[in-house]
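My questions will all concern the structure given below.
Per-chain numbering from 1; labels A, B, C and D assigned in written order.
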Amino acid sequence: MPWTKLAVDSASKRFLDSKKNLCGRVLSYREALREAHYQALKRDARVFIMGQGVDDPAGVFGSTLGLHQEFCARVFDTPIAENGLTGFAVGAALAGMRPILVHMRMDFLLLTFDQIINHASKLCYMSGGRIHVPLVIRAIIGRGWGSAAQHSQALQALFMHIPGIKVVLPASAYDAKGLLLSSIADDNPVIFIEHRWLYDIQDSVPANEYLVPIGKGLIKRGGKDITVVAISLMVNEALIAATKLKQNGIEAEVIDLRSLRPLDQEIIVNSVKKTGRLIIADLGWRTAGAAQIILGNIHHKIRRYLKAGVEIVALPDTPTPSSAYLEKIFYPGAADIIRAAKRIYVRTKH
Amino acid sequence: MPWTKLAVDSASKRFLDSKKNLCGRVLSYREALREAHYQALKRDARVFIMGQGVDDPAGVFGSTLGLHQEFCARVFDTPIAENGLTGFAVGAALAGMRPILVHMRMDFLLLTFDQIINHASKLCYMSGGRIHVPLVIRAIIGRGWGSAAQHSQALQALFMHIPGIKVVLPASAYDAKGLLLSSIADDNPVIFIEHRWLYDIQDSVPANEYLVPIGKGLIKRGGKDITVVAISLMVNEALIAATKLKQNGIEAEVIDLRSLRPLDQEIIVNSVKKTGRLIIADLGWRTAGAAQIILGNIHHKIRRYLKAGVEIVALPDTPTPSSAYLEKIFYPGAADIIRAAKRIYVRTKH
Amino acid sequence: MIERIRAVALTQIYVMMLRIRLFEERLVYLYPAQEIKTPVHLSIGQEAIAAGVCQNLTKSDYVFTNHRCHGHCLAKGMSMSAMMAELYGKNTGCCKGKGGSMHLSDPQLGILATSAIVGANLPIAVGAALSLKLRERKNISVVFFGDGAVDQGVFFESLNFAALKKLPVLFVCENNFYATNSLQKARQPLDNIFKRAEIFGIKGWRCAGNDAQEVYDLAKRLIQKLRANSSGPHLLECRTYRWKAHVGPDCDFQSGCRPKPELDAWISNCPIKKLEIFLIKTGLLTQDKIRKIRQRINREIMRAEFLAKKSRFPSAGELTTDVYWKE
Amino acid sequence: MIERIRAVALTQIYVMMLRIRLFEERLVYLYPAQEIKTPVHLSIGQEAIAAGVCQNLTKSDYVFTNHRCHGHCLAKGMSMSAMMAELYGKNTGCCKGKGGSMHLSDPQLGILATSAIVGANLPIAVGAALSLKLRERKNISVVFFGDGAVDQGVFFESLNFAALKKLPVLFVCENNFYATNSLQKARQPLDNIFKRAEIFGIKGWRCAGNDAQEVYDLAKRLIQKLRANSSGPHLLECRTYRWKAHVGPDCDFQSGCRPKPELDAWISNCPIKKLEIFLIKTGLLTQDKIRKIRQRINREIMRAEFLAKKSRFPSAGELTTDVYWKE
């Protein structure tokens, strides 16, 4: 099997010192994705990429740019028929391929829930483990410039509920490459969620192929006072907030979950044991969103260590407005995390 | 407007004494649903019912039986095209009708998430409040007899996340009628979730039309020791468990939430203030299910009153197996609620 | 001599096409200032379809459009001010700034809702027609969609149901041969959109989408049929071309999205120019009249722009209202 | 005289039809004991399609079926024991008791996965064919579906893509004129399923689904074409009828689901009887041979039943395994 030889990067500690450029090689998130695709196509003839625009001059915001030139039979454009496409991908996966299906906006996945949830996630179980669906579905979250309600949704919470699938959300270029390779190597359906605003962000990315483990969070910044659990773009906001909090003498520990299913409960619990304070920062709506779910999920394990109620930073429960002014107040960021931290501190002082 | 004259039943207390047959008229859940449909069709010419089998000899397990005979233009069968159907219903609702769309299994709703989430739930907001979507989507949860993974899902958790929709789940014939009428009268899209196993259960149901408020839970049984929050079929299990717990000297308060969005936080919080102990019993998968969500949602309000960690009774994180033997261990019931209560008591003794 | 009613109609269509063109050209001009913060999908080059079809509609008819909706909404009667303010994200916009360019809506004008999910407006339009039928109205429901929407299964579900229930729907496909950067032939084995209705017993029609007269005449005939009896829907494929990039104010051939000669050929087949020549030839228009029409339109645009700019953003409280109807 | 290969094929088809019929009739007998706790969708009356089509397939060809899958799976080579045990929910079942009647699966036999979501197997079958093409195999992918699946948009998405990419798919529609209790004409304006492929440039075929020879011959021709070159998919509509209720062992006309005379007419057009008469006439079968065949099949069924009954239920631990592949 082409994938068994790849080394899993378990040296998470590397990241604690993220300022040091460990391999002397810097790529943007988009370039890291493209490189992972390229290497996967090269390594394994079963891998193919399909989706609207994967072979066009924009190449899905650059993430698949030009790949069709070398792998023309395995990188191809498709009709706009997301439900069918997902079925084609499931069928191809059942029949020995390792498809990567690309959606420019996560919102379009809503057309494909039958194939993802009734099929991809269940076929292994329904067959008594005789078949499997090695499938990667890339979903890009849009934001800003009046994308409005149908082109900006961050729907990761919905997938957290579904047995049989995995949900990953890299927040750095390093993880984008390593998690994409892991997702392709994985024998189960993986929802691979990218945030459009991460595409230009650079990181040290080794040229070789490497796997970042699915289901393992990462301490991006150590701290003893308060734990900030974040995903995707919110990891960056959390890091900014941590820097500011430090000026107030608060040492925040920032955890990038990287996967939502499976969820790395341990990394959160261990941190909360130390800090006794927890903020969860999500990209989606507050009610029934990833943050509330995580809280409900680990509540029994952290309850006794908490010095104050958990704070959630998430979107207000409303569709995305178009107006730039409303967008600005709609999206939470570092300032909201700081405010949340202060609320916790106020409460723990009493 | 035909609906403004109807009285809202706010005398929830009525239910505390549910053994007393208050109106001398007993209907099954299925008959109560049918009566609500009938009265809505009669009251309001804008109401219509569509879905597979609504006018056939089985009449959706009896819930629409024979209605087409009196209202033949407004009760009709459809092609098997759930996504399109949902769009037809949205369009009809926009253009002045009040459609009721019926799905024999909740699993089929997965084909319609684009129309529900990208459209029905957002159009009011996207239009700046100029239009609205008075739409009821009935979804029946199946169970047992090897229904297996694609015909038994209880997906209510997914809808809890979506701004713009309401989610109701009547657990009694009385509420089935009153909540269905409220849902039809509501100007927003409502996901109306029924459990197939409730259909034969009888209750006292008045002949007149009445509205049960959406978003208000109900104390089905008072108790001072432990709070059991349940939905749909699990309410019955909770009541059975409560009877048994009483034999052990534990007085459980059983709350039927009746709606999941909006969520009646107050009724839960008030009960937990009194009992300090909480069990949440759901029909869906544990991870990211309604129970975990509810816990994440109210955590900050109940934290300080809890004497022990919250217990969740839910499905294991696996697709539904077909084998009758596996089904039996798959589905939790009163016994699991009792065990959960005992776990809580063990913990609070120390 | 051309008959009077027709003369009036054609002149109105001309004016409408010009309104759409000049409005969108103004967007091209304004966009770089980055005050219009919403993705604009311009219909420059495709105006004849919106104008030609909507000339046959009344206020109580429904129109459902898609991401490329400016032209259809203007043609259905939306004011430039309401539209421009919406693009600027202002509270005087037709959706109070909450919808933006892709979700223009005005129920008073029969523009109930606009979706940017490709194909999703089709069943919604059919549902509105179902309402018309159940309420026994003589109005019709028109849905505009691209060649891309034809890829979606829901296109067929919509045709099937509309045919089955004999609903008054006019399906208008604006086939501009591209969906974003994908050629029609990279997505569909045959170039036969209009024929796809026939398997449902619906007659399909095809016309030159850049010939306003052809669009108008054919749409008129079909709409008259739809109003007259309940014989079911029609499908009209209009062949056209967009001059600008899929989204945004620029052109896209430089980036290799499509061949320049193809674009040039279509630009020389301008729908406005074509009707203008005809109207001048038949004496219905003169250069002088055209100048005055343009002036009037430009004033209208300036007014819309002025109002949009000076309007306020929605208040912060607006963020969370309208999630539910009349909460 | 009938040629030898054909004679063998027809005899095998006859035996296969009989296996399906007797197996399902045994289910009818066993069901009231309530040990088979899974909804059974019987294909009694429709056997010629499964047997006639699959006679042309090898183990490495794929078959995708739906809720009504017993016949297709037997015809594709599944053992009665594996199937019966699955219906009894036992760990010797083809899915270890986890799938049940509607999700039979055996990847070794090319039965990769069986879905009970109407229409959902269509794109999956197309995807498997895409895999065949990318891997340059000469095998094909066959998908069986009902007239109900034709209502779904994904039917068209699947045809479109298969035609576009010239994939080796045989679409086999078993048109039994009902989807649960809905008549085809209550769901589709025209009775023309086979024609629906033509808009994608796919030739559509229709045949008498109760005539095993017609099914076999036509399927053979189409499958040979599919194997020979990559000219794209075919659609075959087989007209047939189910004798039993949509689900369960009983008949449903008593409850008013359909007219008794309609049912009677189809029962007298029994596919097995029809081929039997032909085979007897041509001397390929005798009453004596038939008796022996039946005996053999009945023994096979008894063995399957015996094994299923004596097998164990899956252990409790099995509940949570196989959620992920090789965890």
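Rule of thumb we're sticking to: a contact is a pair of C-beta atoms (placed from the backbone, for glycine too) under 8 Å apart; a residue touches a chain by one contact, two chains touch by 3 or more.
What you are looking at is a predicted structure, and each value in this text was computed from that prediction instead of being measured.
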item: Chain of greatest Cα-centre distance to subunit D; value: C
item: Chain pair, B-C or A-C, that carries the greater number of C-beta contacts; value: B-C
item: Cα-centroid distance, subunit A relative to subunit D, in whole angstrom; value: 41
item: Distance between the centres, which are taken as Cα means, of subunit C and subunit A, whole angstrom; value: 38
item: Chain centre separation (subunit C, subunit D; CA means) in Å; value: 46
item: Subunit D, residues touching no fewer than two other chains; value: 93, 95, 97-99, 103, 115, 117, 151-154, 157, 160, 164, 187-188, 323
item: Sites on subunit A at which at least two other chains make contact; value: 78-79, 81, 83-84, 107, 111, 114, 118, 125-126, 148-150, 163-164, 317-319, 321
item: Touch list for subunit B against partner subunit C, complex; value: 48, 73-74, 78-79, 81, 83-97, 99, 114-115, 118-119, 123-132, 134, 163-164, 166, 187-188
item: Complex interface listing, subunit D residues touching subunit C; value: 151-157, 160, 163-164, 187-190, 192, 195-196, 198-201, 232
item: Of all residues in subunit D, those that touch subunit A in their complex; value: 62, 64, 93-99, 103, 105-107, 112-113, 115, 117, 120, 122-132, 134-135, 141, 153-154, 157-158, 160-161, 164, 321-326
item: Subunit C residues touching subunit A - in the complex, by the definition given at the top; value: 37-39, 86, 89-90, 93, 95, 97-103, 115-119, 148-149, 151-153, 179-182, 186-188, 255-257, 313-314, 316, 318-320, 323
item: Touching residues (chain side subunit A, partner subunit B) in the complex; value: 83, 107, 110-111, 113-114, 117-118, 121-122, 125-126, 148-150, 155, 157-158, 160-164, 261, 263, 284-285, 287-289, 291-297, 299-300, 303, 306, 309-310, 312, 317-319, 321
